[in-house]
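In what follows, subunit A forms one complex with subunit B and a second complex with subunit C.
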Partner chain A sequence: MVTEKLNIQTKRKFSINLTKNEKLGLLLVAPLLIWLALVLLYPFIYVIFLSLFKRDPGSSIIQFKGLIYFYNLLFRDDLFWQSLLRSFYWTASNVIAQFFFGILVALLLRQKFRGASFIRLWIIVPWITPVVVVILVWGWMLNPTLGIVEALLRQVGFLQGYLNLLGNVKTIMNTLIGIHTWRFFPFVSIIVLGRMLGIPEELYEAAKVDGASNLQRFLHITLPQLRGVLLTFLMLATVWTFTSFDTIFIMTGGGPVDVTTTLPILVYRKAFKTFQLNEAAALSLIMFLFTSIFMAIYIKLGVERDD
Partner chain B sequence: MKKIFQKNLLLLLVITMILFVLLSEIGASKEIVKLVLWHQESPPPRVEAFQKIIDRFNTEHPEIQVKQAPQSWTEIYPKLYAAIEAGNPPDILFSIPDLTMAMKLTGVVTPVEDIVNEIDSKYDLLDSQIVPYEYDGHIWAVPMYGMTYLLLFNKGVFDKEGISYPFNSWNELLDAVKKLTKNGKFGIGFPASQLMMTDQYVYSYMVTNNCEIFDKDGNVTLDSQKCVESFAFIDQLIDYSPPNVVTWSWGDRGMYFLSENTYIMEDFLVPGDPMEAEKEGKGPFGFMRIPYPEGGKYGSPSYSNGATVFTKDPTRLEAIKTFLLYLHEPEINGEWLSNMYAGLYLPITKASMESKSFWSNEIIKRYEDDVKLAFAATEDGKLFGFEYTPQPVIGRIAGDNLLGQMAGKLATNQMTAEEVVKWGADKIRTWQEEMK
Partner chain C sequence: MIDQTIISKNLYNDKISQSPKVLKLTKQVISKGFILVCVFLLLVVVLGPTYWMFVTSLKPNMEILAQPPTLIPLKPTFASYIVLFKSGFLRYIFNSIVVSGITVVVSTILGTLAGYSLSRFKYPGKKYIGRLILFSYLFPGVLLMVPMYILASKLNLIDNLVVLPIIYVTFSAPFYSWLLKAFFDSLPKYIEDAAMIDGATRWQTIWKIIIPLSAPGVAGAALWTFIMSWQEYMFAVILLSSDENFTVPVGLARWLSFQLRDWGVMNAGAVLSILPVLILFAFLGRSFISGLTAGSNK
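For the complex of A and B:
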C-alpha cells in the first residue's frame, strides 16, 4: 500500500500534465524549436566534436585528440595571445568610444533647436548603411594619395607628406576603431535619447531650484535614470564588438602583418585559409567562453540592480 | 452513360501507365551521364564562353550532359570542403595546384595520368604545366590552360622620360622606378598586403634569382643568400610604391596603374583593361617579361589551371575523359580560351598555341607579340612550392599567404631582408614539424 502510494507520488512528480492550451502552444512553437535545434544546437555540438576529434573531410576515420588543439592554441600559437589581447583592446576601445559619443550626441539632441528633429532622423544613417559601403567609402576617403581627407589637409597646409592612417601599423587599429565607432554610436544615441526623453522634467526643475549645476544634474539625475539602458547596451555592445568580423575583414583582412587580427579573424583564417578546422573549432569555443563570462557579469550586475 | 464514362477513364489510365513504363524503359536503356563542372571564372562573359562550348559538346555527345556551376575564388575553399564533407563534390573542378594539393590530402581526388598522357601524345602538352600536379607517383589534375605573369608598363610615360624597354636587368627596372617616382606619382605599385596577389609579385623576384622555398630534396631553402638578395630588391621596389600598398586589395594595383598613378605593374596578360584606358587617352601600355639579375634567368609565376576529378565511377570517368579531350581539341580550345578573356587564358599545348581559332580573335591578333611573349613565359613558368615534388606544407604557405606576410614585414619596416627570410624559413620548418 505504501509502495503503491510512493509510486503514484513519483509518477505525479515526474509526469507532465499539460493543459490543452499548453499543448497547443508547444505544438505551435515546435517548428521553431526544431529549426533552432538544427541551425544552432547541431552546429554547436559539431564544433565541440571538431575541437576534440580529428576527421578529414569525406573520411569516416575519427581519432580522439582530447585537448590537444586547445593546448596548441594556448601554448604553441603566439598569434592566439596577440589576437586575444587585440580583441580585448578592440572591444574596450569601441565600447567606451560608443558610450562617450552616444551619450554626448544624445545630450545634444535632447536640446530644442531648429533642425533637431531632422538630425534625430538622419543620425541613424551610419548604422543602417551596409558595412561594405561604409568600409569602401572610408577606405577611399583615407587613401593617402587619392583620398579627400589627406588632400584637404595638404591643401590647408596641415600636412606635408602622407598620413597613411590605414597603412601605418601604429595607427591602423585606432583608425578601424574610429570607423567602427562612427558606425555604431548613433544606435547608442537613439536608445539613450529615447530614455532621456522619458525622464520627468520636474526632477531637473527641482534640482535647478536646489542650485544643482548642469554636471550635477547629469551625474545625479540623468545617469541613474539611464542605468538600465546603459547596462543593456554595455552587454550588447561588448558581445557584438568582441565577435565582430566584418569591419576588420573587409578593410584589412587582419593585416598588415596581423596587426589587426582579432579572434574572429583568426578563426576565419584557420578554418578557411589554412584548413585547420580543429583549431578553428577550439578557438570558437574559447571565444564562446569569453562571451559567456561577459554575459554572466552583466546578469550579475543586472541582478544586483534589481536587488 | 456514367458506367461507359468510368470504363473509358479506366482504360485511359491503364494505357497511360503502360506508356509510362515503356518510355521509362527506353529512357533507361539510353542512360545519360550527367557531369557537374565547378570553375571560378564567374564574370558573365567567361561563363557565356564556357556555356557555348558546353552546349556544343552536349549536342555532339547526347549521352553525356555537362553542367557548369561557376564559383568565386573567395568562397571555393570552404564551399569545396563542405561539398566533400556532404559527400557531394562536383565531378570536375578547375583548380590551381595548391588547391588540388589540399584536396588530394583529403583522399578524394582521382589520379588522371591516363587522360594527361593521351592529351600529351595528341597535342604536345607543355611540361611546365604538368609539373605542379605530378607527385606521389601520379598526376592529380589535367592541365587545361595557363595564366602567366608579365610586367605591364606605361609606354607613353616611358617614352616621355626617355626610359628604354624592355628591361634587361633588375638594375634597369630599379633605375626606371626611381626616375618615375615624383610629383605624387610612383614608379611601381608593389603590393604588400596579405593576399595571393602579393605572393605572386614576390615570387617574380624569387624565381628570376634562383631563390627557392624548397630544394629538390624538400629541404627549406628560403633563408638562402639568393633569397636575401631577392627580398632586399623587393624592399627597394616597395620604397618606390604608394604608401598604402600594405592594404591593397586585388583591384587597387590595376586602378592605380590605369589611372597613371603608378607606371609599372605585374599581372597576367589582360589587354582588355589597358585597351579601354587607352581609349580614354591614357598610356599607351605595353608588356614585357620580368627581368632577371646577373646570374639569374627568365622566369614567371605561372598558374597551370587543372581539371581535378573527384569521381571514381568508371562510367563517369570515361565521360570526363571525353569532355576534357574535347576541350583540348586545338580549334575548340583556341576558341574557348580566346572568348573567355583574350590573352588571360593561354593554351598550353603546342597544337592549340597554333590554332586558327585562337589567333583569329581580334584582341589576340592586335596583341600578337605580347601573346607570344606570354607563351614564352609560360614555357619556363613556375609556381612557388611546386618547382619539384610539392611538399604538403605548401597548402599552409599559400593559405596563409606567407610570401605576402614577408613583403608586409618589409613594407612596415618590421624586419630587414635577412631577418624576414629567416623568419619565413623558420615558420615553414615549424609547420612541417606540426604536420608530422
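For the complex of A and C:
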C-alpha cells in the first residue's frame, strides 16, 4: 500500500516536471527510438550473445563458451589476419584516392564556366548508381576482348596484348579499389564543393592582393576552412569503406583464391558457407571494435565543432 | 583591415593597368581552355559508363561483338529489352518498387517527426537522443548480417519481402531525421510562433504550416532513402531465396554470377535499374544535393 502510494507520488512528480511541450517533443521522437531499439539494438545484443554462447541444435541447452570464438579467430585462422590486412589496404587506398580526386574535382568545379551548375549536380551520378549496376558496367567495359577500355587503348596504340584487369590475380584488388573510388569520389566532391562555395570571396581577394600564389591560397585559406568537413568525412568514409560488402562480393565473391577477401566477405563466408555462425558473430564484433574507434574520433570532432 | 584591403586593391588595379593587356588575355584564354578540357575529361569519366550501358543495350548482338566497338549504335534496336521483359525482370522491378516505397513512407513518418522534435523542442536528454540517432546512422549494416538472418528465420520472415523495409528503415530513418533537423533549423521559428499566436493549436501548426514548408527537405531526404533502398544488396541477398521475390540488385547480380554473357540483355537490365533513380534525381536532385551539403556541413 505504502509503496504504491509512493509510486504514484513519484510518478506524478515526474509528470509534473515535464511540461506539455516537453512531452510532445518526446512523443514525436519516441517512434524512431522504439524502432531503433527493436531492429538495431536488439540484433546487436544478439551478436554479442552469439559470440559468447553456443546453442546446440536440437536441444535448447545454452552453453557459455567464453572467448573461445575470438581465440579461434585470432590464433587458429590465418585467413582472418590476411583479411584484416587486406581490409586495411582496401580502406586506406580507397579513402586516399577518394579524397584526392574528390578535392581535385571540387577545386575544378569551383571555377566559373558555362554549364557549371549542371555539372555540379550531375557529377553525383556514379554515387547514385546501384552498386550492382556499377559492377556490371565496369565488368563489361573492362572485358579483355569486347570491352571499350582495352579496345580504345589498343586503337590508340598504348596496348598490344590484353590487360584483363579483372581476371588477373595481381591487379584485381586494385581494379576493385579503382571502381569503388569511381563510385564514391563524386560524393566527396559534392560535400567539399558545398563547403568551398560557402567560403567568403573576400578572403581570397585579400590574399590575392597580398600576393599569395594559387597554392598558398589553397593551403592557407581553402584547407583550413575545409578542415571540419574533411575530418568528419574522412572518418565517415573510413567506416563506410572498411565495412563495405557489395562491391567486392558481387564482382568476385572474395576470390579468386581469397585475394579479395576482406573482413565483411569473411563474415559472410563464415556465416553462410561454412555455417560457423558464432565465429561470424565474433568477427563482426572485432570489426565493430575498429569502426567504433573511427566513430569515437568522429563524434569527438563533431562535438568540438558543435561548441 | 578593411582599409588595408581597399588600399591594396587599388595598388593591385594599378599593377594590372600597367601590365600588357594582350598577355593577360592569352593567359585567361589558356586557363579557360584548360578548365574546359578538364571538365570534359571529368564528364567522360563520370557519365561515360552510364552512356556506355545505354548504347550497349540498344545495339544488336552482332554490333556488340564488333571490334573496335561503335561509339553510337548504327542500328539501334529494342531487342535486348524485349528479351529482358520476357525473362521476368519486371517482377524484380515490381518487388523493388514495393520495398523502396514502403521504406520511403515509413522513414518519412519516423524521420520527419523525430527531426522536427530535435529541431524545435526542448526536453531532458535531448542531446543524448540526438547523438544516439547519429550513432545509429553510422552503425555499419554488415555487423548485423548474422543476427538479422537468425532473427528473420526465427520470425519466419526468410524469403519474405516484408523483412527488407523493416531493416532498411532502421538504416535510413536516422539520417532522414538528421537531414530534416538541419532543414527545420534553417526555417525561422517565428513562423510557428505567429501561427500559434493567431490561435492555431500545435497540431494545426504542424499540419498546416510545417508540413507544407518542409516539402523541399522531405523531397531530398525521401530521394536519398529511395536511392539507398533501391540499390541495397547485402540484406536482400542473404534474406531472399526464391526468384519471384528477388529485388533488382539481387536478380541482376544473379545473372552476372551465372556468367550469362548476353551483354545486350544485361546492359538493358542495368539501364532499367538506374532509370528510376535518374528520373527522380532529375526532378528532386537540387533539393537532394542542397539537403546533403547542409546536413553534412552542420
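The rule we apply is simple: the second predicted complex is superposed on the first by the 272 of 307 C-alpha atoms of A that agree within 3 Å, B and C clash if a C-alpha of one lies under 4 Å from a C-alpha of the other, contacts with A are read in each partner's own complex, and residues count from 1 in each chain.
By our rule, a residue touches a chain if its C-beta (ideal position, glycine included) is under 8 Å from a C-beta of that chain, and two chains touch if they have at least 3 such contacts.
Every value quoted in this text rests on a predicted model; they were computed, and no experiment measured them.
Look at A:A296: by the touch rule set out above, it reaches neither subunit B nor subunit C. Residue contacts after overlaying the shared chain place A:I62 against neither subunit B nor subunit C.
Applying the stated contact rule after C-alpha superposition, one finds that A:L146 touches each of subunit B and subunit C.
In the superposed model, A:V257 makes contact with subunit B only, not with subunit C. Of the two partner chains placed by superposition, A:L219 touches none, neither subunit B nor subunit C.
In the superposed pair of complexes, A:T274 makes contact with subunit B only, with no contact to subunit C. Put simply, more of the residues of subunit A are touched by C, taking subunit B and subunit C as the two choices.
After overlaying the two complexes on the shared chain, residue contacts for A:L166 are found with subunit B alone; subunit C is out of touch.
Residues 139, 143, 145-146, 253, 271-272, 277 of subunit A touch subunit B in one complex and subunit C in the other. On the side of subunit A, the complex with subunit C involves touching residues 18, 21-26, 28-29, 31-33, 35-36, 39-40, 42-44, 46-47, 50, 105, 108, 111, 113, 115, 119-126, 128-141, 143, 145-146, 148, 151-152, 154-155, 182, 186, 190-191, 193-195, 198, 202, 205-206, 208-210, 229, 232-233, 236, 239-240, 242-246, 249-250, 253, 264, 267-268, 271-272, 277, 280-281, 284-285, 287-288, 291, 295, 298-299, 302.
Subunit A contributes residues 56-59, 72, 139, 143-146, 162, 164, 166-169, 172, 251-258, 269, 271-275, 277 to its touches with subunit B in the complex.
Residue ranges of subunit C in contact with subunit A, taken from their complex: 5, 8-9, 11-12, 32, 35-36, 38-39, 42-43, 45-47, 49-50, 52-53, 56, 64-65, 67-69, 109-111, 113-114, 116-118, 120-124, 126, 129, 131-136, 138-151, 166-167, 169-170, 173-174, 177, 202, 227, 230-231, 233-234, 238, 248-249, 252-253, 256-257, 263, 266-267, 269-270, 273-274, 277-278, 281, 285-286, 289-290, 292-294, 296-297. Those residues of subunit B that touch subunit A in the shared complex are 77-78, 81, 84-85, 87, 89, 102, 105-108, 184, 186, 192-195, 242-247, 261, 395-396, 399-401, 405, 408-409, 411-412, 414, 434.
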